Structure formats: structure tokens, C-alpha cells
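After this come two complexes, each holding chain A, first together with chain B and then together with chain C.
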Partner chain A sequence: MEPLLKVSRLRVEFKSDFGKRTVTDDTAFYVNEGETLGLVGESGCGKSVTVHSILGLLPSNGRIVEGEALFDGKDLCKLSEKELDKVRGKDIGMVFQDALTALDPVFTVESQIAEQLRVHLGLGRAGARERTLKLLEEVGIPDPLSAMKKYPHELSGGQRQRVMIAMALSCGPRLLIADEPTTALDVTIQAQIMELIGEIMKKSRMSMILITHDIGLIAQMADRVAVMYAGQIIEEAGVHELFKNPLHPYTRALLQSAPSIEDGDDRVLKAIRGAVPEDYTDITGCRFAERCECAGSGCELRQEFKQREEGHFVRCHLA
Partner chain B sequence: MSDREPLLSVRNLKKYYPVKNSAFLAANRKLVHAVDGVSFDIYEGETLGLVGESGCGKSTVGRQLVGMEQSDGGELFFCGKMLDKAEFKRQRAQLQMIFQDPTASLNPRRRIYDILSDIMVGNGVCTRAEAKERVNGLLKEVGLPENSAERYPHEFSGGQRQRIAIARALSLSPKLIICDEPVSALDMSIQAQILNLLKELQSRLGVSYLFIAHGLGSVRYISHRIAVMYLGKIVELASSAELFKNPRHPYSQALISAVPVADPEKRGVKRMITVGEVPSSIDLPEGCAYAARCPYATERCRRERPELVDINGGEGSRNKHLCACFNMEVAREGVATHEGVIVHEGASAREGAAEEPAVKEGA
Partner chain C sequence: MHESYLGSVIRRFKYHKAGVVSLVILSLIVLAALLAPVLAPYDPNAINPEFSAAPSVKHILGTDQIGRDLFSRLLYGTRVSLLVGFLSTLIATFIGVLLGLIAGYFGGAADMIIMRCTDMVMSFPYILLILVAGAIFEPGMWNIILILGFIDWPGIARLVRGNVLSIKEKDFVHASRIGGMSRTYILFSDILPNTIAPILVFATSVMAISILDEAALSFLGMGVQPPAASLGNMLNGAQSITVLTKLPWLWISPGAVIVLLVVCVNFIGDALRDAIDPSTTKS
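And now, the complex of A and B:
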């Protein structure tokens, strides 16, 4: 079966006053129908840039230099703005981290959701209204009738996130991109939102790309996981395989550096020395090498993304 | 550890903020109950974790301890003496603070040497001539490279900046450091470095921490005892191991069970999903603040306010397991059997969800 979304050889460049800078390169991943792909990595590693680029949402100084992103047979990187508009919000829904900035402050909840329904699905005023009400009910907003008339600032953080999910789901997307959907929320609210997303996934056979830096969330939600470091995907595997048998030294270190509530008193966290390189454009070899415990000869060479075991890819010659 | 005098005792601490542009008449003015009668002890060489969701007042407690906020009630005892104005001035150097965002808490125009030496010279810890050596010693202590003293804050990474903030807090050899979300602004791989550094400094210098955070994983890792706050009150306080093994307050149970566990094999584990959201702290309910979200709430909970009681019966306040709930026994059974936990009315607005139990099986 063809995957729903297949990204290959994707490279994104940003122009600045100091010249060009490659932000992500050699990015390749796929998402099957009904599957959740977890994209995990630290801030600035290129997680968001990757999904923004395939949706044509890069800022004006960024562009895709090479690569393709096949969604349902169409290359998203080659579509015009107009053609992209037909896909964004309809076949691909997005949920962003900060609902307060993602929602328009001067329009009511109803008009923001109804706009999509009228544009993408051609619904009339009354039809859109009815559908909006149903969507808000579905995402568990108490008293949806009065919530519809409210502006984003009148809602709590959790409610705003629910509104964004309702918006993303409004046109029955086949792929949901959730970019840190719960990072700004408290844990009890996060549990509610993730529960909601999980329920919807089960019902609708929708696919999801879940971007997060929370290892726990990945463990609970994802089917497959891609780990990013400094602009590259460095490991990809099924979620059980990745947690049981991480091959890349960075993935291993990452899993060991997260404190867990299930730890005993005697656990010692394994810290990763140093910090993420700020500019990794000129590093030709492994970008993790300077922080890696296993680094040795061969790490200065370009690292290929290779399959080591069935469905388990890694970018490290030592793995 | 023996049960000596606590280093710091907090008794019935209060902080109310007036709501802005409410009314012209002072009598009508409403109050946000940010901290509403909080009491706890911190012992020498100990870390007390303070957890809760945003807006529960945990940061305000920390800020009151170092005098950044005036208290509206309550007493502080430090080393056995009551901290009144004069005593506070004498002891101020013993109470230090580390903030969440080191970029904001370090002056960008001053070199690290200036930032650190001024505090020490100003407080008479050392002379200008000795300062250089002291600064280098401090930087070494927190694991920064040797040439750091001559550089500016922007030349460091986030994790290194937090190390500088720690060095500044240590510069006067304090007895207690208030750490307000010291790792939540840092990258995952750096968090462990800072947590380990704090632990190591504690075992070497015997300093105590009040560790304020919302990330339960890091709090569990660093704290000896943990206090759980909800809407300006401590609802449960116990040793770290005890709290996570045997949480008794329904809110602590929900909080702990809401944390996603980093193990895909544990997906089948039943989780408690709390319904509803934290109510506003302006019009606090008459009874238990958590009653509106609590699956075990009874009529009494809505009428009366539960006080913290010791359920461990342990000797000395260090071994106590305090919990403020009328229905602790029911709550414990609810967790043990995962039965009888039913969604309360707050969720019934969701059509069709009314019959669903609040405890759900993971996918």
C-alpha cells in the first residue's frame, strides 16, 4: 500500500544577512493511512520547519531547495499557492502549539470554523452553523452554543486548543499535523486533549504527525517515531522497537536523560554533555559527534540514513 | 537523617491580589487568592518539591520567601527565629533564588565577573582583590570553562546561562535556594545536566532547595519530599517515594496519572482523566477547592474545607504524610480497584459522554 504522505530528500534553506543556511536536509519519512508518526527532537532541530515546508508555510526567506513530498500522489512542494489552499485545511489539518496566536483574535469561534466549511465544503450559512455546533460538541466544549459566539481570548487555554482541534477536523482531513499540541497546557488538560485526539483517530482512520519534545507523549501516542537532531532525522523505527532497542547514541542518551515519575530514589540521570550546535550547516560528518560518547574514526564522514533492521533506520555508521 | 529543627518554617502564608479595574469601591473589590494559608518546613540539606498546575500559586510562595512579594499574612521562621523585617535583612543573603529564564535574569550588559563579584564585594564576603579568585572558584564549581568570567551572558548557551545563575545564587554561600522552574526553559538533553549539578552541589555544600516546578519527572528526581498545590493551598505533602507510590488526594492521583509514561509497553495502563479545568481563584468555592472536578466529591466537600491531616502517624514532621481530603479512604480504593470513578457533572455537557467512566483504558 502506498503511504498517504511520503517525503524524500527534503532540504530547506533559509537566507539571512550572513548568507544561506541549510536548516533541514536529507529528510525522508512516510505516514501510512491511520497511523501516527511521532516527530521528536529538541528545540531548533527542524521539526516544525519540516512540516511547515511541506505545507508551503515557510517564511519568505525560507525555501525548499530539493526533495519532494507526495501526498496522495501529488507533490506538495510543486503545487502553487492556489492549489495548496485546496489541500491545507481540507485534506491536511493543522493544530499549532499556541492557540492564542493561531486563532484570529478579532473573529468569533463560529466565524473562524464556519469560514473553512463554506470555502472547502461549499456549505451555506445555516449548514455551516449547524456543522460548527456539532464539531464543538464533538471536541467536548461545554455549552457549545454560547462558546460559538465567543472570541478566542474569552476561552481558557484548554478550550482554545479544543477549538483549534475542531477547526483542524472541520473538513474531515486525512492527515492531521499536530505541532506540540499540548506543550502550553497543564498535564491534566494535556491528558484530556490527547485522549480526545486518540478517540478521534480511532473513529476516523485519520493519520497524524505528532511533533513534540515529550518522550512520554511519544511513547503513549505514536505508532512509529522519527528522531531529529540538528536538522536531520537520525533514527526512525516503530515505537516499541525504538524504546527497546535504540540504535543511535543520541536516541539512547535522550531516553536515558528524561526523568520519569516511575524512577526509584537511586536513579542517576545520564546527561548529554555540551549543547546542540548552533550552526550545523558546515558540519559534514555526524552532527552529534562532538557530544557523543561513542564517537571515533569515521564520524567525520557524511552519515547515510540506512536500514539496520526491518523498518529500523539509523544515521550512524557505528550502529 | 535526624529530625532536627527545620531550617525554614512557613506558617499559614497568604497572598491576595486585588483584581484590577473591578470596582471603584474598595468594599466591592474582589481578590485573587494566590496563596491561601500555606504551611511547610524545609530541613537542612533537603529538597522540598512544590508542584501544581499553572496559576496554583507555587511561584508566589517562592517569591514571598525571598521578599519579592509582600505577604498578606502568615509567619516565616528561619533557623528558629521569626523572620520579621530586621531579621529578614540579616538573613537575606542566606536565601537565594534561581529563576526559570536565565536570559532574563542575567544583565546582558555586564560580564560574568561583574555580575558575580559585585554581589560578593557588596555583601562583604570578600574584597575586590580576592574577588577574581572567588569568581573563578564559583565558575569551576558549576562546571563552566575557565575563561567564562570575561564574557557576557549572550556568549553562553541556555544551559550554561543557567549555570551562571546557579553560581550567582551560590556566591554568598546561602542555606536555602529557591529554584523556580529552573529547568523548564531548557532543552531536554540539558535538563539532566542542570538537575545533576543541583544534586551534586547539595551533597557537597549541604544547601537546601525549594524546587518549584510543574514537570513531575524532574521534581520526583530531585526532591526528598513533595508538596502538591491546588488553587493556593497545599493538598498533599509526603516523601517523594511515598507520594508517587501512594498518592491519597484525588488531585495528586489525577496529576500523577496524567503524566504520560515514557514506555510504550505501558499503554494499556488505566489512567484517570480529570474532567473540567482549574476554576478561577477569584471566587473560591466555600468547600474544597477541588470538589468541582473531583470524582469522589460529596455534599460535605462542597460545604466544608478539609484541613491537612497526617495519615502516616510517623514521628516528626519529616515523615508525615499530610493530605487534605474527606474521602481519602474512598479515593484510595478507587485507585486500587479502578472502580466507582465516574465522570462528574462538569463533563455531562458533552453529549454521550455522561455514561463513560473517568478511568479509561489506554489504546
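And now, the complex of A and C:
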């Protein structure tokens, strides 16, 4: 079966006053129908840039230099703005980190959702209104009739997130991109929102790319996981396989640095020393080498993304 | 009970006492100007036997040096000043908003060209520019409106451009793009509404300035031409020291109306700024 979204050899460059900078490099992943792909990594490693680039949302100084992103057979990187508009919103929906900034402050909830329904589904005023009401009910907003008439700032954080989910789902997308959907929320609301997304996923056979740096969330939601580091995907595997048998030293370190409920009082979380290199354009070898505990000879060479076990890819010559 | 947007704007506007008082006064002035033909006791250009008469029962604000009733002229003059202020602000706002939106949203060469043009217009000595324009085109009310309209836009263009630059990087604009909305839709339905409040506030100050500019131009004889009355050319007589010292009723009333207009417009702008923004939560 062809995957719903297949990204290959994606390379994104940003131009700045100091010259060109490669932000993501040789990025390849796929999402099957009905599947959730978790995209994890530290801040600044290129997770958001990757999805923004395939949606045509790069800022004006960024551009895709090479690679393709096949969505349902169409290469998103080659579509014109107009053709992209037909895919975005209708077939692909996105949930942002902070709903307060992702909702337009001067329009009511109803007018924001209804506008998309009118544009993509060609619904009339009454039809759009009815569907908006249904959507808000579906995402569990109490008293949707009055919530519809409210402005984003009049809603609570959790409700805003629900509204944004309703908006992303409004036209029945086949792929949902959730960019750190719960980072701005407190834990209880976080759990509720993820439960809601999980339910919707089950009901609609939608696919999802879940971007997060919360390992726990990945374990709970994802089917497959891609770990990103410094603009490259360094390991990709099924979620059980990855947690049981992490091959890349970075993935291992990442897992060791996450707390678990089963931890005893004496467990000391292990931090990864150093930080993501700021400019990794010129590093030819392994980009994690300078922070890696296993680094040795061979790490200075270009690392290929290779399959080590069935469905388990890794970018490390030691694995 | 959830209140409508308009309801909340009115509620917040009421909170601003000076704004409310200004609105009442401005409404009265506008009403009086509109009803000038009904309210004016005399034809504003008709010459009466009393020259330079002090205020009396017959002429409540007195008459000017050639015997025209000042109260009637004041009503008609206010009409002209308001019209000039309003229309030139409309023109300036329209040009400024359009250019600002284009410059901010599309950036690049368009931004460069538009912003250099605004810099150019802004770097001319303002009053001189108006005077030269007034001299090239024949002085008169409609030309004044056009001249002011075409000179007052750079401030608005800059304001709008700056707002667009910050708004277009906001997540809700990204959300709209992911929602598959076209660029024109985003420009006019996402970005423009989010910058309406500062535009309106700025427009009120442009209106106040236009009223003052009309007065200044007419005072200098380059504006509305006699015999038609405007608040500015009514002040024109005050250029002479005798009028200034001996016939104060000639300039006090038009001067007072100008001050009143400008103060009211500015206060209303102030109140609007607080009232329009749906996220100000002052109650």
C-alpha cells in the first residue's frame, strides 16, 4: 500500500546575512493511512521546519532545495500556491502549540470555522453554522451554542485548544499535523486533549504527524517514531521497537533523560551534555558526535540512514 | 448572557467620559452644520447695514467688516471644515491602508518602492508642500480636499505596514494558510481587521490635522476662497492687528469652533482605541 504522505531527500535552506544555512537535510519519512507518526527531538532540531516546508509555510528567506513530499501521489513541493490552498485545510489540518495566537483575535469562533467550511465544502450560511455547532460538540465544548459567539480570548486555554482542533478537523482532513499540541496546557487538560485526539483518530481513520519533545506522549500516541537531531532524522522505528531497542546513542540518551512513574527515589535522570550545535551546515560527519558517549573513529564520516532491522532505520555506523 | 461585539464596543466607549462628552459635542456641531440652511438667520454672504457690529440680539455673534452675519457664516464655515476634514481623511486613509498592506504583505521590491515614496513625501516641509500644491492647483474647497488627502497618507501607510509585518508572522495567519485560504482572503480578512483599531485611531488624528490644515491654508489665503465661508478664512481677518485687538468677536468664535472640533475628534479617537479592541477587558 502506498503511504499517504511520503517525504524523501528533503533539504531546506535558510538564507541569512551570513550566507546560506541548511536547516534540515536528507529528511525522509512516511505516514500510512490511519497511522500516527511521532516526530521527536530537542528544540531547534528542525521538526517544525520540516512540516512547515512541506506545507509551503516557510518564511520568505527559507526554501526547499531538494527533495519531494508526495501526498496522495501529488508532490506538495511542486504545487503552486493556489493548488496548495486546495490541499491545505481540506486534506491536511494542523493544530498549533498555542491556540491563543493561532486563532484570529478579532473574529468569533463561529466565523473562523464557518469560513473554512464555506471555502472548502461550499456550504451555505445555515449549513456551515450547523456543522460548526456539530464540530464544537464533537470536540467536547460545553454549551457550544454560546461558545460559538465568543472571541478566542473569552475561552479558557483548554477550550481554545479544542476549538483549534475543531477547526483543523472541520473539513474532514486525511492528515492531521499536531505541532506540540499540548505544550501550552497543564497536565490534566493535556490528558483530555490527547484523549480527544486519540478518539477522533480511531473514529475517522485519519493519519497524524505528532510533533513533540515529550517522550511520554509519543509512547502513548504514536505507532511509529522518527527521532530528529540537528536537521536530520537519526532513527526511525515502530514505537515498541524504539523504546525496547533504541539503536542510536542519541535516542538512548533521550530515553534515559525522561522520567518515568516507575522510577525509584534514587534514580538520577541523565542529562545529555552540551547543546544542539547552532550551525550544523558544515558538519560532514555525525552531528551528534561531539556530545556522544560512544563517539570514536568513523564518526567523522558521513553517516548513512540504513535499515538495521525490519522497519528500524538508524543513522549511526556503530549501531 | 453574551453581548454582541457592537454592544461591548459601546460599553467600553462609555467608560471613557471625555470621549462620550466629545461625541455629544461633535454630534451637536455636525448637526448644526448639516442644518445650516435651516438654522442660519441670514444668508451667509448677504451684506447687512451694520459693519463690524458687536454681538447683539439681531446678530448674536456680530457681523464682519463688510456686514455679513457671523453666526450664519460660522455655521456654513463649519460645514466646509468638517467636509474637508472628513473627505481628505477618507482619501488619505484609503491610499495609506492600500499602500501599507501591499508593502507589508508582499515585501521585496513593492515594499522598497512604496516606503521610499512615503519617505519622500514625509521629508518635504509639510506646510510648504501644501502651499505649493495649493498654488499650482487653483485654490478651492475640492482641491484642498484632494491636496490634503494626497499628502496625509504616509503616516497611515507606515502604521499599516508595521502592523502587517507583525501580524503576518502570527500563528493565526499560518493557520489560515494551512486552512487553504487565498492570499487576498488572508490580506483583507485576517490582516486588515486586526489592524483596523490603530487605523481608526490614527485616522481621527489625521482628521484633526486636516481641519487645522484647512484653517491654516485658508488663513493664508490659499484655501477656501471668499465669499464662501470656512473656519480658516473667517480667521483671515485676524491678520490685521486692529481686528485682533478691537474686534475680538471676529476671530474668537471660529477659533473656538476649530479648537473644539480638534479636541473632540482627538478624544473620540482616544476612546475608540480602548473600545474597539475586543481583548481590552477594562469593565
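Quick note on the criterion: the second predicted complex is superposed on the first by the 319 of 319 C-alpha atoms of A that agree within 3 Å, B and C clash if a C-alpha of one lies under 4 Å from a C-alpha of the other, contacts with A are read in each partner's own complex, and residues count from 1 in each chain.
To be clear about the criterion, a contact is a pair of C-beta atoms (placed from the backbone, for glycine too) under 8 Å apart; a residue touches a chain by one contact, two chains touch by 3 or more.
All of these numbers come straight from a predicted model, not from anything done at the bench.
Trainee: Superposed on chain A, are chain B and chain C clashing or fitting side by side?
Mentor: Chain B and chain C fit side by side in the superposed model.
Trainee: Which one hits more chain A residues, chain B or chain C?
Mentor: Chain A has more residues touched by B than by the other partner.
Trainee: Taking the superposition as given, does A:150 touch the first partner, chain B, the second, chain C, both, or neither?
Mentor: A:150: touches chain C, not chain B.
Trainee: Would you sort A:86 into first (chain B), second (chain C), both or neither based on which partner it touches?
Mentor: Second partner only, chain C.
Trainee: Between chain B (first) and chain C (second), which, if any, makes contact with A:202: first, second, both or neither?
Mentor: The first partner, chain B, only.
Trainee: Using the touch definition from the top, say if A:57 reaches chain B (first), chain C (second), both or neither.
Mentor: A:57 sits against chain C, while chain B stays out of touch.
Trainee: May I ask you to decide whether A:68 touches chain B, chain C, both, or neither, giving the answer as first, second, both or neither?
Mentor: In the superposed model, A:68 contacts neither chain B nor chain C.
Trainee: Does chain B (first) or chain C (second) touch A:94, or do both, or does neither?
Mentor: It touches chain C, and chain B stays clear.
Trainee: Once you lay one complex on the other using chain A, what is the shortest C-alpha distance from chain B to chain C, in Å?
Mentor: Closest C-alpha pair between chain B and chain C: 6 Å.
Trainee: Applying the document's contact rule, which stretches of chain C touch chain A when the two form their complex?
Mentor: Going through chain C, the ones touching chain A are 2, 5, 107-108, 169-172, 174-183, 185, 189-190, 193-194, 196, 278-279, 281.
Trainee: Going by the contact rule at the top, pick out the chain A residues touching chain C in the complex.
Mentor: For this pair, the touching residues of chain A are 52, 55-57, 59-60, 81-82, 84-90, 92-94, 96-98, 101-108, 115-116, 119-120, 146, 149-151, 153, 164, 167, 177.
Trainee: Name, in rising order, each residue of chain A that touches chain B in their complex.
Mentor: 42-43, 137, 140-143, 156, 158-159, 186-192, 194-195, 198, 202, 213-221, 239-240, 243, 253-255, 257-265, 267-273, 275-276, 278, 291
Trainee: Please give the residue numbers of chain B that touch chain A in the complex, ascending.
Mentor: Residue list for chain B touching chain A: 53-54, 157-160, 187-193, 195-196, 214-218, 220-221, 240-241, 244, 254-267, 271, 273-275, 277-278, 346-347, 349-351, 353, 360, 362-363.
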